[in-house]
Each structure stands twice: as C-alpha cells, then as structure tokens.
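Presented below is the structure to which this report refers.
For reference, chains read A, B, C and D in written order, and residue numbers begin at 1 within each chain.
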C-alpha cells in the first residue's frame, strides 16, 4: 500500500460525501439532529486539506494523522468514533511494518493485514461507543463488513470479488438499520419512532466503503 | 432561513467574538482550538470545564465566571466540541486541584470528553448530566439527555469548587444535583441550524412535540396543540412520575423550579407557564422556594419551553444561593 | 398562532401572576386595577413609576426593585395602561418625595399618563423616552418612539432616586439620558398579538422591516434581506446620523451599547450583531465601555433586534454601574 | 333625552363595533399596531356591562360615567380621547340641565344643546391629543361632523335630515383620511407609507356616529 492510495481514497470519500448531501442530511434530520452531513463534510474536507502533508508519511502514520485530524474537526458522535477507527487501524498496520519507511515507496501489506487493520478499527469503535450490532448505528455496516473482509482475505480471495462482496454487505447493513429500534446514539430516545428510518452513520460508512472499493476495483 | 448571519462558516466565530467583546471584563476567548476562559484565573481550586455544541446560549459560555465555570468549549452548532479544545482549556485553567468536566449526556459529547480525559496530564473527573425525563431511561439505551438542569449542576458545583473543595467532593455534588433534577421540554416549532438552512423537523400549525430535545430531537410523541395548562399538566406529570420511578419522594419537598425558554418563546409566555407549573407542583405538595424563568438553555430559534424541577436539600440550596458573576447568571456580587 | 396560552382574555393576568410568584422576594402584584410594586416600599425618595402595554417583557415589571423602578403599570398587550392603574400605583409607592413617571413616547401612553398626572394628589414629573431614531423627528409629528433606550433611562433615574435626589434632579437626569440615546430596530418576522391571532404584518421570507417599532409598527422601509453586516451597518449609520443631526459629537465619546432582542432572536445572533456593531462604532471613534446584550425590550415573538447607543458621561456611567436588583437586571447586589 | 336612549345607543355602538371586527383590525394592522378593534370592543363591552347601573343616572351623569369607564378600560390612544369626549359632553349637557333629575324621566335638550355637547366633546379630544383636522386621525371624522351638527341644529333642521347629513359627513371624513400622511398617533412614523390607508380611529368614530344616527332615525 502506498500513502498515495490513502490520499486518493480520502479524496474519493470526500467526493462521495459531498455528492450525498441531501441523503445524509435528511437521514439525520429524521432521527437525529440534522448535522451528520455537515460533520462528515467538515471531516472529509479537513483531510483533503492536509493531503500534501500526509504524502510525507508512511501509510500507517498517514492513517493515524487522519484519525487525529478527524478527532479535532468532526466533533459529535461520529468524530471520536471515526477517529478511533483510523488510529486503531494505523496502530495495527504499524505493527505489521518491519522496514524503515522510504518516501513514496510501497509498503507491503497482505489483504489479511489490511483486513486485520480494518477489524481493529471497528473494534475501537465498539469500545469507544459501547455499542454492538443491532443498535441502529454505523456498526450495523462496519461489523458485517469487517467480518466478511477478514474471512475473504484469509481465504486469499482476489481484490475485485472482495470489494464487490464488501460493497454488498455494506448495503445490506444500511438496509438492516431501517427496521431497528435505536439503543445507542441520538436516536435512542425515539423508541418505536425510529423504525422505518435508516441510520445516517451507517449510510455514510457504506458510502465511504463503496468509494474506497470502487477506487480499488478501478486500479 | 432568516437569520442575522454573514456566512454559515463564520457564525460561530463571530458570535463568540461578540460574546467575548461584550463581556471582556469576565472572559477571554481563545481561538483554534476554540475555548473561553475566565478573565481572572482562579487559584488553588478544582477547575470546572463544560462544553457542548453551540446554539444553546447562554449555555455554556454564559456561565463562565466567579462561582460557576472556569472554561467552556463550544462546538459547532449542535455538535460536540473536540478533545483538543478540552485539552487546551484544561491546560489554561488548571489550578492545581484537577479538572472537573461537566458534560451533557449525548454520545458525541461523552465520547469527546472521555477521549480528552484519557489524554489529560492532570487528574480529572466527569459529571454527566442527564435530567431529561422525556427519554425513558433504560439499560438498553445510552440513557437520558442532559438539558436545562445542567445549569443547576454547573451553578452548584461551581459554588462548591470556589470554597476549595476537592475533585471528589465536586463530582459528588454534581452527581447528586443531577440525580435530584428532572426536566421535560415541549416544542411549538422547529429550530433551524444555520448550516442546514432549513428547519430540523416539520411540524404542523396544530401540533407540538412533547419531550423534544434541545437539538430539536424528536421527543416522546407528536401531539395536538392544546391550551397551555393541558400541556403543562402533562409535563408536571412526567416529572413527578420520573421522580417516583427513581424512588425520590416529592411530597413536602422543597424545590427549585426552572422554566426555560428554547429561544423564540417570549418571557410573557414563560411566566404564564411558570404560573401553572408552580400551582400544579404545589398541589402535589411540593414547595417551590427557588425560581428561575428565562432563556437559560436554548435550542437556537426554537419556540418552546422546558420545565425543570430540582429537589433541594440544604447543601444544594446553599450552593444555588451563593454569589455568582457570569454573563448569564448573576447575583450577590 | 401557536402560543403557550389558555384563553386570550387571561394571558395578561396569568403571566403577571407567574411573574409575581417567580419573584415574590422582589415584587407584589395588585389586581384590578393592575399594577406591580416593590416588595419593600422605599422611604423618603422619589417614587419611579413606569408602565406601558404588555408584550415587552422584561420591560417594565422586570425592572422593579432596588436601584430602578418602584412600580410598573402593565396595560393589555401593546396597549397603554389606564390612569386608574397609575393613580393606585402612585398612592401605593409614594414615599414623600413625589412621583416620577417614565413614559415611552406613544400617543396612548403619553395621554393616559398625562391624565393620571392631572388627577394625582401628589407632586409629579414625567420623563418621556423617545430614543427611536427610525422615526425621523419633525415638528409636524408627535415625535420619536420610546424603545429599548427606556431601560437605560429607568436604570439611571432609578439609581439617582435611590440617593435621595429630588424630583427635578431625577427628571433632569432622565431627560439627559434620553437625549443622549438613540436606537433603531430591524424585524425579520412579525409579532402576533394573542387577541389578534395572526401576525401584525406580512413579511416575505426575503424581506426585513428596517426601523420597525416594538409593537410591530412599520419602520423606515421594507428592504431586501441581506447579510447581517450590511443590515447592521445601516443601523449604525442611522444612529450616527441621528446624533449628528441633534448636534451630539460622537467621536472620542465613551458609550454604552445595547443589543436588544425582540423576543424570537437567539442570543447567538445577538452576540454576532454585537460583534459587528461594536466594531463599526469603534471605527467611528466611539469607545464602547459598557455593554448589554439580550432580550430587554421585546415585541412578543418578533424575530429581530435593535441597536441602542447611549453616549456616556461620568454621571450616567456612575448611575449605570450602581447596584441594581430586579428580575430583569441585577448587579452589585 | 332619556338615559334609556343613551343605553340603547351604547348597545347599538357595541353591535356595530363587533360587526366590524375585520375592518377595524385590518386598518390598525396596516398603519398602527393592530389593537384598535380589541380596544374598541373592550370599551363597548364594558359600557354594555354597566348598562343597568347607568339606568339610575341622569343622561349627563350617565355620559360622564361612560367617559370614566372608557378611561379605565380602553387604554391606548383611543381610550383617553374617547373618555375626554364623553366627559366633556357630559359637562356641557349638565350645564344645560336646570331641573332636579327624576329617574327614567326625559331631560329636555334641544338639538342645539346636544350639538353643543358633541362639539365640546370634540374640542376635548383636540385638546387632549393636540391634533387637528388633516392629521389622519379620528378628528377627520369628528370635526366635520361636529361643525355640521352645530350648523344644522342651529338651523332648526329635523332630526332625520340631520342624521342623514351627519352620516354622510362621517363617511366623507373616513375617506378623507385615506390620502393623508399621518402626523399624530402611531401612524405618524410611517410618512408616505401611510398614504392609501384609512385611519382606524376615524373608521370607528364613523361607525359609532352611524349607529346612533340609525337608532335616532328608527325611533
């Protein structure tokens, strides 16, 4: 993996978030406080703004910087959660790096390494937010995706089928939030009234996953 | 959206700057990361820091000053502030006795303050306010929201800290005040977040949102608009039921009654609400011996109000009555 | 119309009752005729009485207390009170040194207070406040309206009366403060008088009313909604032009800046307005040394704000700074 | 004149005011503060409420009581003005009464006496409000009507033609306010913007005059 790719992925995510303003905003207006799009946009823009700076770092360090930047720009519930994700993923990847980093060089990671990093990120979200699957949060996308990712990577699947599957899993995760009662996050106060609405954080995670997968498949 | 703003990206900073300029005798504004501190740094006391999304003014910046907060960290409108703000604020106001964070119970606020506390090089404790009884508490949820009762917690803890009490004592008082406080809000209209540019929720001319949150979060239920007394009666019942559920006796209790406006409800109506609320609580044997009526924890331009009852004891009463000198609350000084 | 009311005929009494109950330590409510007096009757001083239509809360009842008013006579919403109220209030608070009426300059208020003064068995004088520079003064009209500047007049005169100053001195200070004060208001929305049940005026989502009165009276002109700074700049110009026309030098002057909300404008926006206003006045050489930001003279549920500048001198400054203890204004005590 | 007639007139006025809610309210909303109808209604109802009590008094005393009652109920600008009208009219009529009053008996007044009373009432409004004709107030109705009334009464006109003329004069007065700039009252702040709008106080005075004249013509 090259830091270049991380930067390209961050830009793809930014574009996808910006293109889904109406969706994200109206989802959070329905069962939250309406700011999820603004929060995600602020975060995505902040990362795009430091793209040049990130280019100087090893992939794991770049991911950690992204985490710290998100932590100090997003705020809200999604800020510390997404920040925790990137910082934990960075930590796991760093532990798999054994060579001194040379600028712009590729750092060798297996699909399994990256899947482990992703899973560690999701685990950090679980720890930080004390939520789990079925609580109508971003975890309803992230946990199934992490599980699939680890499974497929250890089965030595090709990148394209992995991406296709993860994108599908993420979409199913989004849809699964629709019929749930929320027990974490702002929608937890709504009881039955949350039913019928998709969780905004789940949707934005799916968008981010799709953006990165699409990029990988195009490459 | 019709607001006195220049550009949505500058609302927060321009408003904070105006606040700091208007109260230059009381506070200092720090930018990037944003936080506000007392003009005169306190010495040798627990430093009390609160914070939360903007849009609830005077909460929290308006409660910085003698007898209340040492610093406040304002987030973007209705969005939790971030740990870097809290860390810098803590560094600036730390006065040798540790930091007490007062945090309204929202996933975002709790997690951001938690991360700050983990990174903090000082001893710290956190009081999480959760007075909103609109959200029926449950072990399955992340619990009740912190709303206008937060002002009472900040006032009392601020007063105690001023006496030189230690961190554990301040945290204990904060938790006690919070547990003895219950609130419920009603919205007549939605608020409009500047960056969103349109109302957070749609509401009919003949509807109200019972149990609304201070960010315009939906509440217990959408109801038909009725006369004030009928609406207030439901609020009073919700509060009494909440105390009962939590095993607090209310009969013969002395209490503080706070009628809080959400931003667009005139004082004339708030006093009308006070009138009915006080009468109903009295009918239930509660003795209202302290009152506060006005816009103390707002939700931008939402029309609506909340009722907060705090069951007093001698300690809480003493710290409520003690002198305070802030932009948003001042007496005895 | 969506308001916390039970019946339009009871709004006033229920609201006054709530006010009196919430501030039972400060005031006593008298009904039929309606007036509110200080809890502890002052002795041997000029008694200061104000009054006017309801709907401008905290004006005037919120300014009853040590260092400000002795009594207030609330009329129906936006309607002048009647002479019987003023006569009974005067009888109740008269403390041997005569009565000073503070009256906002509206035909109705002026005539009702005038008739009361004619019938009064005590010595009296009247200060008529007329700070609204939206209405270009002219010998052909009944002059400028009294708006938020009235608060400054009441504060200063109330302070002077507390020192035992005589009626003539109190009137003189009131007239001086009034003459050194100019205000202008802007409405984003109309207010709705409960008894009318619908907005007083129609206004487009893209329009503002520049120079609006505190009863929703039309102002100088209907304008296009613009960014806050452009609107505020026009307000600042109107005030500077007004002082110039009346031969008051403003450059190098020390001044008090009051940003007043009309009832539905959040504090966050009021501080943003303060920020720009203070900057612009400073650019014109005015030194803002005192500030007040909040809802001090409202127009029910109107969204909008007014800017008031009062040119200070040592006497006014002293009386502004002196202790005051009212529901709506409190410091030093 | 019998006090009975005054009471009947008060009730006719009350009905006319109540029947014109929309007109009066919208006129004051356009160039005032929107409360003129509410003020007038409050006054009219208060007089109707004390009708029984009034029946015990001589006509001039009843008029004075009406003035005092209006003074303590209407408020606003119209309250002290209308109160001054009735108190001054009462005073003038009282000065024309030379016999001890016997309950329910007719008190003899010539049309000229009543016209003089009316004119004195209008004079009191002028003094209290320091306004005159052409300032877009109720005086644009009241002054022409008073002048006509005095003129016709001294010419010994019959009651019916007097009433017809006064009603016409009042209507012309109302219309005359339309094109004026206001220089007194709340509309004085409006400048040019007041043009095109009828003055609410002028309209309510015309309604009251028409109500009383109609009653007289029916009798």
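Operating definition for what follows: contacts are C-beta pairs under 8 Å (C-beta built on N, C-alpha and C of every residue); 3 or more make two chains touch, one makes a residue touch a chain.
This is a predicted model, so every value here is computed, not measured.
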Touching groups left behind when subunit C is ignored (all other chains fixed): A, B | D
Distance from subunit C to subunit A - Cα centre to Cα centre, in angstrom: 55
Chain centre separation in whole Å, for subunit C relative to subunit B (CA means): 29
Whole-Å gap separating subunit C and subunit D, where each centre is the average of the chain's CA atoms: 32
Multi-partner residues of subunit C (at least 2 other chains): 77
Touch-based graph of the chains, sorted into line, ring, star, complete or other: line
Pairs of chains in contact (touch as defined earlier), listed by label: A-B, B-C, C-D
Sites on subunit B touched by subunit C in the complex: 2-7, 11, 14-19, 21-23, 54-55, 57-58, 62, 188-189, 205, 208, 225, 227-229, 231-232, 259, 263-276, 278, 291, 293, 295, 298, 300-301, 303, 305, 330-333
Residues on subunit D engaged by subunit C in the complex (per definition of touch): 25, 29, 31-35, 38-39, 42, 71-81, 83, 128-130, 182-186, 188-191, 193
Touch list for subunit C against partner subunit D, complex: 33, 53, 75-84, 106-108, 111-112, 114-115, 134-136, 140-142, 145, 193, 195-196, 200-201, 213, 215-219, 221
